[in-house]
Amino acid sequence: MSRTRLATIALAAIVAAALPLVMRSDAWLSMAITTLLFVFLGQSWNVLGGYGGQFSFGHAVFFGSGAYATAVLQVKLGMPAIVAAFGGMAAGAFVGAFIGALSFRYGLRGSYFALVTLAFAEVFRIVASSLGITGAGFGILIPLDARALNLQFPSRLAFYYVVLALVGIGFAISIGLERSRFGAWLMAVRENEDAAKALGIDAFRVKLGAIIVSGAMAATAGVFYAQYFLFIDSGIAFGPHVSVEALLGPIIGGLGTAFGPIVGGILLHTLGDLAKRVMGDAPGLSLVLYGVLLIVMLRFLPDGLNGLLRRLFARSPHGVAKRMPANA
Amino acid sequence: MLELRGLTKRFGGLLAVNEASLTVPEGRIVALIGPNGAGKTTLFAMISGFVTPDSGSVQFSGADITGLAPHAICRRGLVRTFQIVQPFGALTVRENIAVGAHLHEAARTTALARAAEIAALVHMEQQLDAPAASLTVAGRKRLELARALATRPKLLLLDEVMAGLNPTEIDEIVEAIRRIRDSGVTVLMIEHVMRAVVSLAEHAYVLNQGRIIAEGTPAAIASMPHVVEAYLGHGAALRMGGQIAVGA
Amino acid sequence: MDLDLVIPAVVAGLTTGAVYALVALGLTLIYGVLHIINFAHGSLLMLAMYGVFFLHTLFGIDPYLALPILVPVFFALGYALQRGVIMPASHGKDQNILLVTLGLAIVLDNLALYLWSSTTRTIDLPYAFEVIDLGFALVPIPRAIAFFGALAVAGLLWLLIARTDLGRAIRAVAKEKQGARLVGIDVEHIYAMSFGIGTACLAVAASLLMPTFYVTPQVGYAFVLIAFTTVVLGGMGSFEGALIGGLVLGVVEALGGLFLGESLGQIGIFVIFILVLLFRPTGLFGSRFA
């Protein structure tokens, strides 16, 4: 890894770790936690959508599965929080495997795959709002029992560091993809599935692997949400706003890059927060902004902020190359 | 090494390939020629697993590989290139070739190193860090070849690798293919560029309207009347008075 | 199985289904010609429904009489969106078009939320509860109007595509873009016209829906999936397919609600969607447009 990249990462990590101590504001901490949570969600989406090229428009299906699994296991089945948390992650992996096996086995790509994920998210939402075990229309309330072993930390600061660690793991996974054989296979399948097959890549297995990892990550985000907010319902868990937030960060920040979801997610939430201060906290405002930003980005900066930064500094980064040709 | 027995494929009402049989001995360069639309690429698709034959079989190194998935066939050492080049556009030349190398190299660094070596074999060392999407047609063809080579194939299926190249580029690729054969790789090539066929292939098959209509050395089949007619139409052989020139 | 309950449900399903078909027809036109999946379709319908609502609440205009106002406005809106936003932002790449229309949907849905909040809006018409007695079922007047209105518009659309010069140009572009360009057809204009017509269909659907339905900012999202299910079920690019698909889905939804209850019944549509995409992606009538 280039020295500049290593330095940037180290600096970012230090700043992120120290920031809450500098800011000393509970409001800021709250905002930071939700921002980082959605950065992590974006990182999960990026594995499947950015590196894998399979755009999911229903990523909430994984997020919600994790949230509900952990809530149901704790509240309805009385399991300890840590076990429930792993249950949540596993739920995400299983749902990923299920949707992936079906979709990829039957060759769904592009828009069709996006639509199918959307449909699955809706099905899960409807089921969650109808069954007794998932609390039907009332949702599930996780009883407050603030002990670390219960994954409910007494101090908000602890939650901050946990989610920061998650983002770190997400970043590590992204880098791992860029430097591993699996990642090379995944990106090859993204670029050209037939050519990849002709070079010995089992495209089905590779895509399945990606959706399982992506699903497990998104479900982990759901688990965190449940433990932090202690309340979920079908709209919160499987709603379209979750799916939208999952994909906005990576697309605006730069698809298929390690920094993309981080840059994009932070930018989006900062702008959203700013808008709320200026124009009042009205529902829908931040998403309008995000939507406009998405369209503007697609019009003027198709390879995202990351691409812009790359072109501005015109260096050759390790990894995906998206810039002027060296020699034609 | 490769033996096709009676391969047949129908697409709806169209009989694309009709009882095609051919043999490619180990270590040789064999050409598959024929007019456009003869079914050559469909034949390749059947050999490499992208299309399942309606009947017939494909034997590779003594094993029946008919109907196996493309990636499984590639892992056995049979690799194809595409007539319409398929680069991994957003990846660099080095990363493209590395994908091929990863078939045998699990580690990223070794795969990338191998990619650099292979690139040298096709004179692409200067372009290792260029995005594949920025290459010219000739560059993409060489990349396609390099990628296939990186998988350490035993048999290479080359689909019109000379198309769209100028004479100098053709000579370069011909040289490269000869070196590839010399290193122990068997080659079956679909080609229109007769110059390349004549200088490389020891044996050739002619496919017309899905059927193998002739086989022999390039020189021999060039003077067969029914081969000429396949290209130029009925009666052409007579009209040309038996004087057939083989040119580029 | 209580027939006394089933038959009225089927009839109600057919009338709703006709409107679904109308919504899907617009989408089919857009997909068939531009080959794009228009994610903003539902949001535009939602916008049109708010249009009907405000015209009635603020100016007292009857929803059916609002048609001469809304149809041209939404046609123009669709035209402008395609030419001014979607085309430039997508740079022609399919993946981008998907994202741009998604972005549009996000903007429209949330703008509606911000401007008009999530309060459910309905309009009350004096004749909304008058019914036609069919013997085996009672059909409220607005539903009957919706049914025949949808079929009428479908017929008009068919006439437009099959019999007019514009329709010929549209079919040409749908079949072979480059060829159409070579014979002098302004492809970008035709694209925008098709998008405009597809959006205008939504204005009609909105007028037909509002008397018996309601509007919230979330409605767009719900309709997008229904519209896509209809299109996919009927076969992407097939008008007859969209028509029949819509009717089938309306009935499925009604029966689903009857047997599984209001909330769980909605699942029927999405399950069908998933099944069709997986096992029969060409749909019931799978055909290319034109």
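Chains here go by letter, A, B and C, matching the order in which they are written, and residues are numbered from 1 within each.
As a convention for this text, a residue touches a chain if its C-beta (ideal position, glycine included) is under 8 Å from a C-beta of that chain, and two chains touch if they have at least 3 such contacts.
This is a predicted model, so every value here is computed, not measured.
**Student:** Which chain is in the middle, if each chain's centre is the mean of its C-alpha atoms?
**Tutor:** The chain sitting closest to the overall C-alpha centre is A.
**Student:** Taking each chain's centre as the mean of its C-alpha atoms, which one ends up farthest from the centre of chain B?
**Tutor:** C
**Student:** On a C-alpha centroid basis, what's the spacing between chain A and chain C, in Å?
**Tutor:** Chain A and chain C have C-alpha centres separated by 32 Å.
**Student:** Based only on mean CA positions, could you tell me how far chain A sits from chain B in angstrom?
**Tutor:** 43
**Student:** Which whole number of Å gives the spacing of the CA centres of chain B and chain C?
**Tutor:** The mean C-alpha positions of chain B and chain C differ by 49 Å.
**Student:** Can you list every residue of chain A that touches 2 or more other chains, as numbers and ranges?
**Tutor:** As it turns out, chain A has no residue touching two or more other chains.
**Student:** Please list all residues of chain C that touch 2 or more other chains.
**Tutor:** Counting only residues that touch two or more other chains, chain C contributes none.
**Student:** Quick check: in the complex, which residue numbers of chain A touch chain C?
**Tutor:** 55, 57, 102-103, 106, 108, 110-112, 114-116, 118-120, 122-123, 126-127, 129-130, 137, 240, 244, 251, 282-285, 287-288, 290-292, 294-296, 298-299, 302
**Student:** Quick check: in the complex, which residue numbers of chain A touch chain B?
**Tutor:** 179-181, 184-185, 187-188, 191-192, 194-203, 256, 316, 320-328
**Student:** How about chain C: which of its residues touch chain A in the complex?
**Tutor:** My answer: residues 37, 85, 88-91, 93-96, 98-100, 102-107, 109-114, 117-118, 217, 221, 225, 228-229, 232, 261, 263-264, 266-267, 270-271, 273-274, 277-279, 281.
**Student:** Residue numbers of chain B touching chain A in their complex, please.
**Tutor:** Those residues of chain B that touch chain A are 48, 50, 69-71, 74-75, 79-82, 86-92, 95, 98-100, 102-103, 105-108, 111, 126-127, 129-131, 134-136, 147-148, 151.
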